[in-house]
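Across the two complexes that follow, chain A remains constant while its partner is chain B and subsequently chain C.
Let's turn to the complex of A and B:
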């Protein structure tokens, strides 16, 4: 029975010791990636960029509309209840609007035609105190 | 007519035949819908890996690069961003295979090479996306998903390659 399993199961037949180790390390690496890149941290600020320049960084604990000018017109960005979104855009595809409200640290939305981007920043970004 | 005759060797024919197989697999894969752009089984890599084991690295590199050029020409994506992603992925994947083939064969079989090549593919594509298409941290969210897909499909392609090699 054991012999039968060994011969017919492709996993035991084709995998060698190093293969098992590599798979194990890959799984650990992927779990590490999930843990680090999928933060559930509530965002505290939103950073708005136009092209190469940072237009501004705004706290999310306010209700506010921000107008940002780009090469094809003006985008409106709304902030309310700890969230931020693109609410008006002169671009044709409106992808940035469809991204909807963002509220977690690390989330981002971009309007490529107008070169404007939003990036949500958590309260614990290491250079926070240096910059602001 | 004064046509110039190009001398071809047996190796050239072999490369062409193997590349044709890889192109066919790439075409089949192109019609399979994917839940997320970039998450693909990468079955053409089975050919690259098989050729690496049977004919060596140089032939595998030829087959892989020819596959990228020909498939993208056939799909009408030549010189488009998709082509750049394809080429970037294949190049980094080949670079990693070039290093990984030096691992002790007794412990590391085709499955290891396949998984490493799959990670290379995804890493090459992500680097191009980051540098050229979306110079922004926004895509980091997708990295764990791409890595999971790479591990899964790398394992399956590796098992298929192992089977092909041993059945020969």
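Let's turn to the complex of A and C:
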């Protein structure tokens, strides 16, 4: 460390205070982005949309297949073990299938040609307690 | 100089990193069964250990209340509860028995509330409630005996039949049987709030069988409470509960049985002796009350009953009697009515909820 900081070290010779600040800001920025965008929350539900309508919201705690019709045919969406994925699609590129299993809140997969999307929703309840 | 700056920078980054990754929410949550119902306690901003200790203190308080004021159980050692002893004395005649100071206060307060409600809140109709089978943990459809019900209504047990002299109590009417089912949970909420404050807890949410009281808030946001949809397994709306406020709901969907396509719920109209069938649910929000008044928890528990029982045109007036400004009523056709103040604070959980406002 001390060696690294020496002024005659070829790496640090040309670095000035502003450079260090810039490096520092970058690191903080990366950490901030990582923390805010990397969600580790296990998802509880998957919301399926076709076009502008919500086809349905399904719990991930089950094993089932859901068929959704779009303009070019029918997609099959599989749910099992807290995960969801596109498993069959009539589209040419099969990008949606390649997205694979989704299991974290905030994850999404989309089949553009057939206008179908999956979005995983977190287990966070909209309230703290219930009056009944 | 440069060394120093770099050193500080590295420290800052490490500190920032730790802060970011250690910010797991300091929320303690416990669920247990006391009072024959679900008790749900959340404590925010305390260590897990501390929260657990305080939760246990609250649960012990509840357990004790339950044993003393339970209407039909005997405790573990086979002793009858204080309330049952009192009821037996009421049935025998007019020789007074001595009760604990807090029970005397409860009787005094419940009587005042009963008078206020013109007898629609009537904890003296324990015999009627028993006839309908609701004084059992596992209840089922009962044979409806019209003659018995008629006799019980005719016997007209009222809170005002109870004579209270300091701590000595008797009843002028032997048909009085106290059932604190519509009072005790609210009382326990107030007790919980006292306990939390005494233990210097600043943020907590306590839910006893659907009656809730809030203390402080949930981090940066107020505690948020969902209001059960009476006919669907979801929340109809949510509302933020400020510190010290209580919320209570009476519904026909928690304790009820269905016979010949008729729903018989546990809320009984003392005037007819029959369960109320014109209302699905009543929800009230109660702000903190001054020291010598009925406290928020009790009021949130008690006030929903007479509003539930009162006919549609009298419901709002009944709420006014109790000084209630935040009210939601859902009738037997699922029509929703809310007070103007309530309308402003509800967040509907479904799009396009239709409701009318009370005038």
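Quick note on the criterion: the second predicted complex is superposed on the first by the 107 of 132 C-alpha atoms of A that agree within 3 Å, B and C clash if a C-alpha of one lies under 4 Å from a C-alpha of the other, contacts with A are read in each partner's own complex, and residues count from 1 in each chain.
One rule holds in what follows: a residue touches a chain if its C-beta (ideal position, glycine included) is under 8 Å from a C-beta of that chain, and two chains touch if they have at least 3 such contacts.
All values derive from a computational prediction rather than experimental measurement.
Using the contact criterion defined above for the overlaid structures, shared-chain residue A:37 touches chain B, although it does not reach chain C. When both complexes are overlaid on chain A, the residue A:17 reaches chain B and chain C alike. After overlaying the two complexes on the shared chain, residue contacts for A:119 are found with chain B alone; chain C is out of touch. Among chain B and chain C, the chain that touches a larger number of residues in chain A is B. Contacts of A:26 after superposition: chain B is touched, whereas chain C is not reached. In the superposed model, A:54 makes contact with neither chain B nor chain C.
Taken together, the two complexes place residues 17, 21, 23, 27 of chain A in contact with chain B and also with chain C.
Chain contact summary for the complex, chain C toward chain A: residues 2-3, 5-6, 9, 12-13, 16-17, 20-21, 40, 42, 205, 207, 210-212, 218, 223-228, 235, 238, 247-249, 251, 253-254, 283, 349.
The part of chain A that touches chain C in the complex is made up of residues 5, 7, 17, 20-21, 23-24, 27-28, 31-32, 35, 125-132. Chain B contributes residues 103-104, 106-112, 115-116, 119, 134, 136-138, 140-141, 143-144, 147-148, 151, 155, 158-159, 162-163, 166 to its touches with chain A in the complex.
Contact residues on chain A toward chain B in their complex (touch as defined above): 10-11, 13-19, 21-23, 26-27, 29-30, 33-34, 37-38, 106-110, 117, 119.
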